[in-house]
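The chains carry the letters A, B, C and D, assigned in the order they are written, with residues numbered from 1 in each.
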Amino acid sequence: MSANLAAYATSTGEAFQFWVLGTVAVVGALSTILMRKAVHSALSLAGTMIVLAVFYLANGAYFLGIVQIVVYTGAIMMLFLFVVMLVGVTAADSLKETLKGQRWLAVACGLGFGILLAAGIGNASLTEFAGLGTANSAHGGNVEGLAALIFTKYVFAFEITGALLITAAVGAMVLTHRERTERARTQRELSEQRVREGKHVPPLPAPGVYARHNAVDIAGLLPDGTAADLTVMGTLRKRGQIRDVSTEAMADLKALEQRSEERLGRDRDEEEATR
Amino acid sequence: MSPVVNAGFPLLTATALLPAAGAVLTAAVPAARRTAAKWLALLVSLATLVLAAVVFAGFEPGGDRYQFVESYSWIKDFGVRYELGVDGIGVALIALTALLIPFVILAGWHDADPLETSSKRWRPTQGFFALILMVEAMVILSFEATDVFLFYILFEAMLIPMYFLIGGFGDRAHSGSDENAAAQRSYAAVKFLLYNLVGGLIMLAAVIGLYVVAGNFSLTEIAEARANGSLEMATSTERWLFLGFFFAFAVKAPLWPLHTWLPNAMGEATAPVAVLITAVVDKVGTFAMLRFCLGLFPEASKWATPAIVVLALISIVYGALVAVGQRDIKRLVAYASISHFGFIILGIFAMTSQGQSGATLYMVNHGISTAALMLVAGFLISRRGSRLIADYGGVQKVAPVLAGTFLIGGLATLSLPGLAPFVSEFLVLVGTFARYPVAGIVATTGIVLAALYTLVLYQRTMTGPVKEEVRALPDLRARELAVVVPLIAVLIFLGVFPKPLTDVVNPAVRHTLSDVRQKDPQPQIQNVEAAK
Amino acid sequence: MDNLIALLIAAPLLGALVLLLGGRRLDKSGHWLGTLLAAVSFVIGLVLFADMLGKSADDRALHQTLYTWIPVEGFQADMAFRLDQLSMTFVLLITGVGTLIHVYSIGYMEHDERRRRFFGYLNLFVAAMLLLVLADNYLLLYFGWEGVGLASYLLIGFWQHKPTAATAAKKAFLVNRVGDMGLSIAIMLMFTTFGTFAFGPVFEASGQASEGKLTAIGLMLLLAACGKSAQVPLQSWLGDAMEGPTPVSALIHAATMVTAGVYLIVRSADIFDAAPDAQLVVTVVGAVTLLFGAIVGCAKDDIKKALAGSTMSQIGYMILAAGLGPIGYVFAIMHLVTHGFFKAGLFLGAGSVMHGMNDEVDMRKYGGLRKYMPVTFVTFGLGYLAIIGFPGLSGFFSKDKIIEAAFAKGGTEGWILGAVTLLGAAITAYYMTRVMLMTFFGEKRWQPAPDADQAPSAEPAAEHAAGAMPHPHESPKSMVIPMILLAVGSVAAGAVFEFAGFVEWLEPVTGFEHGHSPVSAAAVTAATVAVMVIGVGLAYLQYGRRPVPVVAPRGSLLTRAARRDLLQDDFNHAVFVTGGTHLTRSLVYVDHSLVDGVVNGTAAAVGGLSGRLRKLQNGYARTYAVSMFGGTAVLIAATLLMRAV
Amino acid sequence: MNPVNYLYLAALLFTIGAAGVLIRRNAIVVFMCVELMLNACNLAFVTFSRMHGNLDGQIIAFFTMVVAAAEVVVGLAIIVSVFRARHSASVDDASLMKL
């Protein structure tokens, strides 16, 4: 393997792999920024990262390749998914631009930037490739090589990043942990408060209609058939994840009456017939 | 000339440091002990006066140009030094400042007292007097500084206390609602600040340019180098630097057409603060013209002289005419001051020993005479609660002493012989006439106009039938007399015996003239002295 | 002896200080103190005079230098005095007449609660006037010059509660200031020409200066003289100055201050002698004023204003004489002194009349007073005879000499000037007779006293009940005695001077040469007497034979113009007051909207610009991100370009 | 094929990420885009290390990952708390810095 790593032009196999996976990566990246739902973005990003992991491996960075998969795809992206879940999985944010000219500016900058980078790389005349063969084999393997560097040359940076990680962990806890300052209020107190406020004197109605839907995300229907959002739990309401079934419910109702009408009508006919 | 450096007691630093320390102490006085703060401030200012007197007495007219020199390195990398020294001009102006401040404090005794409406924990009183002392310290130090950078810092720094004095303690006699007055006041304060800041920034650029050209900030060294030709400047460079400095000083002075901040500031501020502005702080501008513009840029000064002379003449006539048209007593005095500053600048740039000695005397005398007039006007205004001339009439019958002192102040303003301003004004006129006869004649019309606005003011406020509103005005009280009488005494003394001042000033002026390599124009007939 | 000179000034100055600073506790005794100090000064003057007579004519001049007043490079003004014959003449006149008028004022100002201050001002005036005539250099003279201006300002406006008085005072000061401009410019010219302005050196060197310079100096001095001595074109203030108390009019605006201009010109004889053009202008000014004042004097019904007009015209005589050069200086001074006597006497008489007539000043409301106030009548009459130049009385000698000198100027100018002076003499006789007749002869035309407020001049005695019929009475002793003394002076002075050799007395200072008149002295004298008689006769025909209407008739165009001071005030008002007001108004506007407007405009512009820039900071992180991203792109582009280049 | 293409790919990914940061309002997605940019950088580093034949590039990439991890932890925590406070994960809603 070290042989072809040292080559100026890579093997056709790698070339093939590059072109295929590269396309995948780009598509993933694009869909990351174009998907309306955060979950989809996260998933496509994960895909891109896996592709990148493969590329690392292809570039002889075996350790990084693995780490990429484990840390990024395994840990970070999962973390993302958790947060997305907290914030609302199905909530799709509109891609409609609110800031005037923002999108065009962004695209323009992006294009210019990309072109510039490409130009930079282009005129950097990078034809000479040393390859990693010697470097990896120096300490008998990629991982050992890295280890040698990390614990000698970069040991301080390493330690400091360690400290950074600890701090980050603590910081995350501090940020997200909510200290409960007062004890939780009992049912009684809550009801008393409701009475005092004078609205929703009875406890909130339960979701679900006609025992057909007992899903928590379906609003109960008021007598006139309109949905009562109050019956859905707050989080879902905030996420806008209420499934509105009022219309189909009304339709079902109508159909029901229709049928009963018919049946009753038929009965009458039978009576007349017997008479 | 190698003056004795840092020999013995640092008198100049002490003179400036004392009021500064006094300011800090005054500000620290607890809120309840208001009167204590006032007395403290008064005592400190008197002590400063004593020190200034020591300086004045210890200054040898025949000695070095700069005396009591102190010099310590401050910012080594830029050659900035804490370098003090006074020539005759500086001594005279330090004396003026130290003389006026006690009266300013005494006159402003009640100006910062809490209003009925204000809370018990009223601090501004302390602040008022502390700020006044702070201004005194800075002004004195700026008269002493012989390091351009040090001077620049003070020149700018004194804006801050002045800003708060103008904006924070307005004249309580105002027409219209309080909010309206407050708006007017902050407008005046901001205008004052911006105007002077702009000037100062332009000067900063020039200061940096000067450093680039000269390599250090020491006035004495640069001036010397300029004089003996060891420091050459390109003509254009010198002119630009000169303009940079002159602009700042012309704003501060103020010179037409950069004068419009003065009437607002003086109109809105309390009378003592107005005196502080026109009699003390503005003098720094004219003083700096004389010392820095001429000392550092002799050629450029000569180059700019015609234009400046014209501007000065405009200031004289224009200021006087606009003063005639004013309805507000304090604004009238302000425009009168503009006219007088025109005289001072005219005298400086006439480049004759009479003109410059006259200009220096003029700075001192104008300070005292304006103080007298303005403070009495302040007393009058505080009694009636109005600044409008039309609201007065016949005061002379109900308050003769007030009217008398007011008249004397006015006569000093129109430079009546026997009162100090006459000496300086006539010297300026003669000095100007000797070099620019036409300018001299035009300036002479100023004395008629001065008489016009002064007498019109006196006639409308003091004479005529007594108005109902003023019928109950009390005459001057003991404190107010203590303010006015000494000032008038000084005016008369310097009017009939200005020698103490001229002795100190003349040598300094001689040096200045030699800086700019100018000689007095000689009379056409020489052997008159023989005949005498 | 020299050191006494300063005392001359010090005495009244001390009085002024004590009286003005002394406060109310001096109200009782103040006037005595003032009078005493004036008298002290007079006595010192007499002592010095005696001493001076003892010396030979040439070294009579005394000098005293106290200290250097203004010492600046090349500009040395000394506090130095010179007492020569000329100054001595003035010292005696000022202190003498001054003392008399102090005495007179004691009675006259009796009812005024501010009498102490009045005497303080009088002393101040005497001191300043002495400084003026004793100064040894022009700057010090300027000091006194303005000092008397101040005193006159304070005294004209003594009754400041009257707007008219205040205005008159202001006017007097301002017009004088215009004159002072001339004086200061003259001093500057001297400084640039001679390098000094002390009398001695300047006169020494006056020969070497170019005539142009000297003419300029002379004209500037003349301007100053015009201001102080109420000569055309700066004469307008004198009439209004009669708002002041009558003693002031007598002392300042008749006897002493207004003649300072004459002193200035005579003092500067050397300069004028070397500048004939200037001299010619001087004579012209004198001649014009002479007629001007005389005409005005004929039309005025206010007794003081009539006398003021006469003063102008008499000073016109003196200026004219002074303009004639060595042949005239002496007579100018001589007429000045005699005029000092009789005009002061006339004014005091007028004051006494007003005192008796509830401060009525309109002569048409007098009449037949000779029976009621005999002493006043006699003294006034003597003064009258003196001023019209009745043979033997003082006015006769002095005026006659001036007329002679005028003719002696020679050439057409001589004839013209002579004619003018003669004509002036006739008119003088006419209007003085008019005053005399309207006041003391004819039937009573008394009216109830108007309210003190509307009274044309609310003299102190105005506390009379308004509407009361006046009952004329002779004035108190303190007022009568000075009148008598002055009357004596106005009778005798002329003859004394004539025969005691006033000419020789002044000659060392002013120089003197006999003019060669184309007409013989006798003829001139005869002519003078003749025109005098004509003038008197005309006046008698007009006012003695016919009854005087109480309400002034409309009168001819000239009369009406003369009543309005020949429209001079209207002119001044139209040109200077109105024009000046408009100028100042517009300048105030310009200052506010133009000069200040530019500044505020700049401020507004900056404010608007920054307001727009603020919009860029919309607070949206993404916008900032875009700019940051774009910035990075630009940076990269820059680096690439750097590489490329 | 010349491995330099990896660099072009990295550039492309980076640009896409950047554009995403600019375009998307949802804070989480923005964060993802940031991650994308970081990864693009990593790819570039790795490629460089291959070019120069030493491992330092990989070391840097390694550190980048660590830092990215820390950053994500904190950033997401912030997002969550912001969401709790304001019931919105939109970047534009946090525009209180404006005067």
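We adopt the following convention: a contact is a pair of C-beta atoms (placed from the backbone, for glycine too) under 8 Å apart; a residue touches a chain by one contact, two chains touch by 3 or more.
What you are looking at is a predicted structure, and each value in this text was computed from that prediction instead of being measured.
Peer 1: Pick the chain whose C-alpha centre of mass, unweighted, sits closest to the average of all protein C-alpha coordinates shown.
Peer 2: Per-chain C-alpha centroids compared to the overall one single out B.
Peer 1: Where centres are the averaged C-alpha coordinates, which chain has the largest centre distance to chain D?
Peer 2: Following the centroid criterion, the farthest chain would be C.
Peer 1: Cα centroid separation between chain C and chain D, in whole Å?
Peer 2: About 97 Å separates the centre of chain C from that of chain D.
Peer 1: If you average the Cα atoms of chain B and of chain D to get two centres, how far apart are those centres in Å?
Peer 2: Chain centres of chain B and chain D, defined by C-alpha means, are spaced 64 Å apart.
Peer 1: Could you tell me the distance, in whole angstrom, between the mean C-alpha positions of chain A and chain C?
Peer 2: Inter-chain centre distance comes to 105 Å.
Peer 1: List the centre-to-centre spacing of chain A and chain B in whole Å, with centres computed as mean CA coordinates.
Peer 2: Using C-alpha averages as centres, the distance is 74 Å.
Peer 1: Going through chain C residue by residue, note those that touch at least 2 other chains and give them in order.
Peer 2: Counting only residues that touch two or more other chains, chain C contributes 618, 620, 622, 626, 629.
Peer 1: Using the touch definition from the top, which residues of chain D touch two or more other chains?
Peer 2: If we look for residues of chain D contacting two or more partner chains, we find 18, 22, 25, 92.
Peer 1: Please set out, as single numbers or ranges, the residues of chain B touching at least two other chains.
Peer 2: none
Peer 1: Identify every two-chain combination in which the chains touch.
Peer 2: Result for touching pairs of chains: A-C, A-D, B-C, C-D.
Peer 1: In their complex, what parts of chain A are in touch with chain D?
Peer 2: Within the complex, chain A touches chain D at residues 5, 8-10, 12, 14-15, 18-19, 22, 25-26, 29-30, 32-33, 38, 41-42, 45, 48-49, 52, 55-56, 59-61, 63-64, 67-68, 71-72, 75-76, 79-80, 83-84, 86-87, 93, 95, 97-99, 102-103, 105-107, 109-111, 113-114, 117-118, 121, 126-136, 142, 145-146, 149-150, 153-154, 157-158, 161, 164-165, 167-169, 171-173, 175-176, 178, 238.
Peer 1: If we count contacts the way the header does, which residues on chain B are in touch with chain C in the complex?
Peer 2: The touching residues are 191, 194-195, 256-257, 259-260, 318, 321-322, 324-326, 353-354, 357-358, 394, 396-397, 404, 411, 416-418, 422-423, 426-427, 429-430, 433-434, 437, 440-441, 444-445, 447-448, 451-452, 455-456, 459, 462-466, 496-499, 502-503, 506, 509-510, 520-529, 531-532.
Peer 1: Where on chain D is chain C touching in the complex?
Peer 2: Going through chain D, the ones touching chain C are 18, 21-22, 25, 91-92, 94-99.
Peer 1: Where on chain C is chain B touching in the complex?
Peer 2: 20, 67-75, 79, 139, 142-143, 145-147, 150, 153, 157, 160-163, 165-167, 169-170, 173-174, 177-178, 180-181, 184-185, 187-189, 191-196, 198, 200-202, 204-205, 208-210, 213, 580, 583-585, 587-588, 591, 595-596, 599, 603
Peer 1: Quick one: in the complex, what on chain D touches chain A?
Peer 2: Counting only chain D, the residues touching chain A are 1-9, 11-20, 22-26, 28-29, 31-33, 35-36, 39, 42-43, 46-47, 49-56, 58-59, 61-63, 65-74, 76-81, 83-84, 87, 89-90, 92.
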